[in-house]
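Since the structure comes first, as structure tokens, the remarks are kept for the end.
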């Protein structure tokens, strides 16, 4: 019987052991673009690279956001990070500060200085060195149904108050049932964090002062929470439970007329699920982000994960070399084309190149790209929870985001808690969080 | 003794070692990503005692575990009694009823979140059409998040109770019922005085396992609330421990929460065993 | 008259039970047969207006679904084999051999369920790395097996207890060793229990998400739940594709269940949960 047990174990071991690669150097890259066609392009690029580098084997794995962070946590705990990985800009800085990363100035310098969009130069810098190069930037955009606004003679909203009024006017009721809401927004925690950062910036506000102390009791934040209360009256009643993808579904199937936080990839949703005759930018148009009562300029938050290379990884140099290869136009353009309106170029030259423009989707939805590039050019765009580029030096933004304190603040206020009280509660929790991690003296 | 060794080695290395590791971690102040660690003794536990979020999540766990276990028990026993009756197509229906327990949680959650969506889901659409409600019920909003989670969990895990009870029902000697019928006992009395006592031992174990598993349930709860801010309405203890480790990046604090959860369950189980044995003696 | 009423009630209840269980399954089936533009039609269509098999074709042609499928079958199958072998040995020894603290061991085994599984995934990863089995199916099989063992030991122990020891002794008299006695006499009698336990084990291994996600890095080694989650997490949810995947995961499990449910129902309770 014992012999039988050993046999089974041996069998199990043998089945699994056979898979190991022989003598090639394996370079592992974890990244967050999970569309099957994007993965296919990355695998093609890897295969092309392996042809000229027969001693290297490149393994690219796609992972959803939450999963990447979980895997990084486990891998770092075991002292076995991959060779390179995507991260949030704030993750990248916090890793760089702890000395986990290899500087990638060589990778950054492989792109001519004046070719890199300015906003991305600051994405992940620490102590005068570059620790991350964004794979491709995207900005959140405001989308509205042009036809529906025109039918009701409504103007495109410019301010927070406009937005609430227009949303109210767009709501349609039939037989006592709401058949269309004026506005849809996601209640997904990551996107509430993004929304708070972005709305606060359009209201001239900030999350932290120069000393790094949270500033949630300041006027722009209170106004923001009051604004959420007003939004709550025009949004679908279950908006706090709507995931980011639900809001695209609402927009595409006509259940909502405007979407505050849309992204370029939403175009795919529209093309796939909206009625054919309206699946175009003439019906789903983009406009600037609305401005708050205390603010002057629009603002959006940046979706651009930098490639980070781990210092102790065996294949660190090979990973950098592969990434240089990845950023070459012949590989980069097919990558960008795999999710056309969402994966934009970090290189000015690429976004102007005719080869890049030679794509049906890009031709059709150009207005969506132009809107995003306008935000890059004007420096109206910052990473999540960053309202000033100096915030990037604060190594605790990641924890603030993960704690969900800002999400709780918004939900408290939406559920009826006075804005000042919700803000004060969140302020206290953030202070405690920072103090317990030694970032802030009590 | 040798024969159980492989089992003990596996359980020991893959469960006890990790549990030991977590206990050790609970005495440290450690960031989830970075290797630096600092011994803080009972520091994490003291912090937990004063942590409002902890007490809140503990309460939610108790509500969730009690409600789901209770409903599974009542519905499971009722369903088992129905499926124990003889009728045509029984084999097929038995298999269908067990199906929710077989599908991967991820699939169950994706489908149910869609069915219950209040803007395009089918459940509200049907309720409206039949005229049971005037306005769509917001199953996934702050007000009903816990209710919908409990409903889906009960849907998913009741088959476990059904199977266990159904199996036991089949071993109850028919003569007991015949005798009762001769004595003129009504159906309810037969259930109360014959079926229930026979099911006692099964139900004891079923309640024990199910409440432990529901109290530590992670995947269904996490996936149900992950994509939504309203998810905080279902932030149970396992979710909170997970968040401390994986999103606050406080590995020590997270581990301490897991240890507390473990101790609470141990205590509850001991009390449960005691109560059962006392009653057992009273019966005997 | 009353009899007829009871019969009607039983049928109604049975149908209700079946309906609540399969409603999501039917919705999955209906959606998997719809072209994209019908997916969000208002009002929803229950029977697809223009049914198509395209989603299934794309699933099998354009994604690694089949690879994930075979991985799941392999991992779940090996987990069942390992758990059964180790569990049967252990449970048998808990009933037939006297050794110190036997009862205590049985109780302690149950305690392992009181630690939230999610919290041990990191230490398991660290351990797997030390053993050099990160990113292998071995790691998955070993972890699932150790999760299933406590329950399996309890269940099988109760089964072995219900098998009269005299039967084995008779075999001894006939000159069979203990190994042969167990193999030819005890195991066949405990078959329903083994089947019940293996279904529990199979379900756990077939459905697990988090361990596969953490322990497996290569695409070619992923199992179904992770593969489905990746399809779902892609930027634009391809509902038809996801639902087609859901169907193809469910149907084999359901067929398997129908085939063995007779044993399962007999097994899971007879010995098992008597305590």
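We just call them A, B and C in the order they show up, numbering each chain from 1.
The definition used in the following text is that a residue touches a chain if its C-beta (ideal position, glycine included) is under 8 Å from a C-beta of that chain, and two chains touch if they have at least 3 such contacts.
Keep in mind that this is a model prediction, so the values were computed, not measured.
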Contact-linked chain groups that survive once subunit C is dropped from view: one piece
A-B or B-C, whichever has more C-beta pairs in contact: B-C
Approximate Å spacing (C-alpha centroids) for the pair subunit A, subunit B: 35
Cα-centroid distance, subunit B relative to subunit C, in whole angstrom: 17
For subunit C, residues that touch 2 or more chains besides their own: 40, 42, 85-86, 89, 122, 126, 142, 229
Shared interface positions of subunit B, touching two or more other chains: 2-3, 6, 120, 245, 251
Residue numbers of subunit A (touch at least two other chains): 1-2, 5, 70, 73, 77, 79, 245, 249, 253, 255
Residues of subunit B touching subunit C in the complex: 1-4, 6-8, 10-11, 13-19, 21-22, 79, 82-83, 85, 87, 89-108, 110-112, 114-115, 120, 122, 125, 129, 155, 159, 163-171, 201-202, 204-206, 209, 212-213, 216, 218-219, 237-238, 241-242, 245, 251, 254-255, 258, 261-262, 265-266, 269
Contact footprint of subunit B on subunit A as seen in their complex: 1-2, 5, 66, 69-70, 72-73, 76-77, 79, 94-95, 98, 100, 176-177, 181, 187-189, 192, 236-246, 249-250, 253, 255-256, 398-399, 402-404, 407-408, 410-411, 414-415, 433, 436-437
For the subunit B and subunit A complex, residues of the former touching the latter: 2-3, 6, 31-35, 47, 113, 117-120, 128, 134-136, 138-142, 145, 226-232, 243, 245-251
Sites on subunit C touched by subunit B in the complex: 7, 10-11, 13-15, 17-18, 20-25, 27-28, 40, 42-44, 85-87, 89-90, 92-94, 97, 99, 105, 109, 111-120, 122-124, 126-127, 142-143, 145-147, 149-151, 153, 203, 206-207, 209-210, 224-225, 228-229, 232, 239, 242-243, 246, 249-250, 253-254, 257-258, 261-262, 264-270, 272-275
Residues on subunit A engaged by subunit C in the complex (per definition of touch): 1-2, 4-5, 8-9, 11-13, 15-17, 19, 28, 30, 34-36, 39, 59, 61-64, 67, 70-71, 73-75, 77-80, 82, 245, 248-249, 252-255, 265-266, 268-269, 272-273, 275-276, 339, 342
